[in-house]
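Letters A, B, C and D mark the chains as written, and numbering starts fresh at 1 in each.
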Amino acid sequence: MIRYPESMSELNGFLAPKTPSGKSAIVPNMPWYYSGTLLTVEYLTDPANVRAILPPELELADEEPGAVAIIWADWQSCSEGGAELLDPARSQYLETFVVVRCKYEGVTYSRCVAIWVTKDFAIARGWFQGYPKKLGSMHVTRVFNHGKATPKLENGAKLGASLAAYDHRLASAIVTLREPSETNGFVNGHKMLHSRWVPSITPGAGNSLDQLITMGGVDADLGATWVGDAELTLGDSQWDELHSILPVNKVLAGYYRELGVTFNGGTLVADKSNPTV
Amino acid sequence: MIRYPESMSELNGFLAPKTPSGKSAIVPNMPWYYSGTLLTVEYLTDPANVRAILPPELELADEEPGAVAIIWADWQSCSEGGAELLDPARSQYLETFVVVRCKYEGVTYSRCVAIWVTKDFAIARGWFQGYPKKLGSMHVTRVFNHGKATPKLENGAKLGASLAAYDHRLASAIVTLREPSETNGFVNGHKMLHSRWVPSITPGAGNSLDQLITMGGVDADLGATWVGDAELTLGDSQWDELHSILPVNKVLAGYYRELGVTFNGGTLVADKSNPTV
Amino acid sequence: MIRYPESMSELNGFLAPKTPSGKSAIVPNMPWYYSGTLLTVEYLTDPANVRAILPPELELADEEPGAVAIIWADWQSCSEGGAELLDPARSQYLETFVVVRCKYEGVTYSRCVAIWVTKDFAIARGWFQGYPKKLGSMHVTRVFNHGKATPKLENGAKLGASLAAYDHRLASAIVTLREPSETNGFVNGHKMLHSRWVPSITPGAGNSLDQLITMGGVDADLGATWVGDAELTLGDSQWDELHSILPVNKVLAGYYRELGVTFNGGTLVADKSNPTV
Amino acid sequence: MIRYPESMSELNGFLAPKTPSGKSAIVPNMPWYYSGTLLTVEYLTDPANVRAILPPELELADEEPGAVAIIWADWQSCSEGGAELLDPARSQYLETFVVVRCKYEGVTYSRCVAIWVTKDFAIARGWFQGYPKKLGSMHVTRVFNHGKATPKLENGAKLGASLAAYDHRLASAIVTLREPSETNGFVNGHKMLHSRWVPSITPGAGNSLDQLITMGGVDADLGATWVGDAELTLGDSQWDELHSILPVNKVLAGYYRELGVTFNGGTLVADKSNPTV
């Protein structure tokens, strides 16, 4: 029997599973590149609802503390070298995420409080980043350049979006474009402040990992951005809460943006882990 | 008990299921509008292989009778009024289809001999049109305007595509763009000549419906078109034949095209139905 | 160049696509065998609602004309030889279907007025049989023999079921078993009377095929059957009508049954096809 | 503006996302209950291959160090109270996992080195447990009690299974039952020894969490168990390695088992976390 020399048992992979080649890792090393579109609806809920889904160590933002953004992102993404782009099942996904703002040690942050994605590699990246990702089914109208089955980037154009999980419809939106915009809204405009934790494998023993981290995209390559009016209907199910925790008091605006962005890590802000459990 | 007057039991719907409102029909009335992109690989197989998948009443095309096109279409589609665009799950789908040419009564036609789609409404439209549609899982690289996770329409850009059915990979392709092109290839460039048939509900009694029909898109709104080189790998499974029936002898070229098109019916060419069985 | 002899261009396949081997056909030749379970909820709607979804040539049933059955079937199926069972992706599917009764020329029939399935081969079989099939996402609680994550066949056991299409929840049910039963209900107990039609490829030209056919399973191999109480919630979407066309006035009962059955064709009842269009 | 009292901002949920109610958590509190079936194929690979996918701190097992089990589990699962069973989309999933054995501080353990599942809650549970879970598409023949579309638990019965990820077929198996068996094989028969780690959010800064843990099911409720012969074909893709890292030298046996089991946590074995990065 021939055994690999001990030195060959080095395992590689940013996340599991690790193998000698590292090819099997559900997520490769950073940086991760993204090209896509965002359809955003911003609205006001009662600030008490935002307060209620923030952990105690965070405060409400000073301005418009009840503002919420729900965003449909239609992404193509890859790592260095772009191999994922040539087997595009590995590169394309959608995500719908809900963002509020908060304050920590005097700094205003954005914070994602709910998010659904369509692929496992996106879940894995998200859990590393403190995004509370689940799988969902989501769709968003695309803007094509030709034919009659597409909105164009022009006044009055309508784009629709939907989100479901476990066969329950959780959100439906329609954005009617009005005019080009300088901004894509204000809620999702700060560094993210996220919690990431792993419970002890022992029931009731607390968290082996428990961190507050901050992060954000870099190298933003912004494209066409439009603002307009929006309609938004939120739902709930036995497994997912949207309407019940962040109901829509007043829709503020809808946005459509093309963009590219890069993710290359973040910074630890605070830690209360107990890895000995 | 109040019954609807007899006249109210009129049922509506282009295809099943019919209801009084007609809303439940899997496909609404024509015309059907399409906006999207096509990624095409054209190649040569042995003309004998093309001959073998044509019904006896058709002949091989006079020129390049062994030419085949495999096409990945990334569609958004809707009917009159565009309601599907606002619930985009109902409007977006992909399809991969294989086209050869043939001759019937002296006229050259294109003919789809295999096709996979991602949605039921697309299957239904296809069966009406004589496309031999099945469900599949397919992906094709998209061209975004911003960021690093996308090819651009430029020399050297690479687009990938894949097709699987019943968890067997049936085709993988990579197209490397070279330059703008006047054409999108020559194989899928004629009116389609399709067979559509329905067997008798009685086993062995022949076909209740058996027609040869012709059809094609109208109102083509052509966009950017590029040509380049291509790699193509075809597979088979117990349930699907591609490599075994139309193997690749020589790849001719790859194409990328943006387009819009409308479908509004076709024409009966020949009939040998026996609806009394 | 070697061409196949003309006689080799014979194409095989019960339904499309036809190839020389016949292997690619989305559905193989009958008979088709089924093993599985049925979860049924029977309820009363207003007979006028049943009348409204029957074509004019059919009448309401004489007894309980407003009775409806909604059935979740969890199937494993195969053709002669059973090859599908060894690549089980090709053999397993779920379907949810809605059955009413009707009368034609004095005979009482069952008739399926809505049905969703999870696989393309099931859609294809259904369209041949006059079932108005669409794709959907459905789930039904299974009965396992061991462990704590399963109901057992005993008084008080609860089974759940759900149906969604295009990410809209269309039906949710809970059946609470009470006792063994001789029957599986009375609505889905007759031969089926189905319409099958294909519109002319020419818009507005009528139907090339338009038949009334009857069919039913044979060789029923019935297993454990239980009856109990049921809860049923129906929904609608822009694309699918259940609550709006067959609302629940009163739930009658719920049933669970294990069974096997064979399908081997049916009989033409009436024809008004016009294959010359 | 009315704010929730500070004490109401307590967030609940075993894993993310946390909300006041705790309902949104992708995974509820342990214990987790499972009912289902296992189809197992055990085979021999070169022990060097097993050595190569173990981290350096683990040793090969003393006996049959090259033995591997690949297992298809068809699960229904729930938490305390069983609510998931009544919305069965939330309760049913399949998983295919690959197990080897290893030795740590003189004790023999089982270790899962690759695993694919069909639902997000199963991914989440797995990452907590150190299973290197990804999403996949898998199918396994079921044993029904009636009809002709099912194997029965008898000599000569055949069960098939398949695994794919990103539309690449990774494994296909056929097990031919021979006789009842006392065991379900020997590879997956020890406590599991798993690694679980979370990289620092700072690129290159090491692992914030890095633990070796052990765990296993409790309250096993074993049912019918059969042994027989097996065929197994493994594949690879650009994203997943099976054949290339654990090739089949010799198939040992195939097994089918019905069972129930409960998971209620495990024990920390070793820790080299650095939560300050």
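The working rule: a residue touches a chain if its C-beta (ideal position, glycine included) is under 8 Å from a C-beta of that chain, and two chains touch if they have at least 3 such contacts.
Quick caveat, the model's predicted, so the values are computed rather than measured.
Note on interfaces C-D and B-C: more C-beta pairs are in contact across B-C.
Residue contact pairs shared with A-D exceed half only for one pair among B-C, A-B or B-D, and that pair is B-C.
With centres taken as mean Cα positions, chain C sits 40 Å from chain A. Once the centre of each chain is set as its mean CA position, chain C and chain D turn out to be 35 Å apart. Look at where the CA atoms of chain B average out and do the same for chain C: the two points lie 27 Å apart. Of all residues in chain C, those touching 2 or more other chains are 87, 89, 137, 139, 162, 167, listed in ascending order.
For chain B in complex with chain D, the residues that touch the partner chain are 137, 139, 162-164, 167-169.
The touching residues of chain A, counted against chain B in their complex, run 33-37, 75-78, 82, 85-89, 91-92, 137, 139-142, 144-151, 158-162, 172, 174, 219, 221-224, 258-262.
By the touch criterion given at the top, residues 1-4, 6, 8-11, 14-21, 23-24, 26, 29-30, 46-48, 51-56, 83, 87, 89-90, 113-115, 119-120, 123, 127-130, 132-135, 166-167, 195-196, 198-203, 208-211, 213, 215, 238-241, 245, 264-268, 271, 273, 275-277 of chain B touch chain C in their complex.
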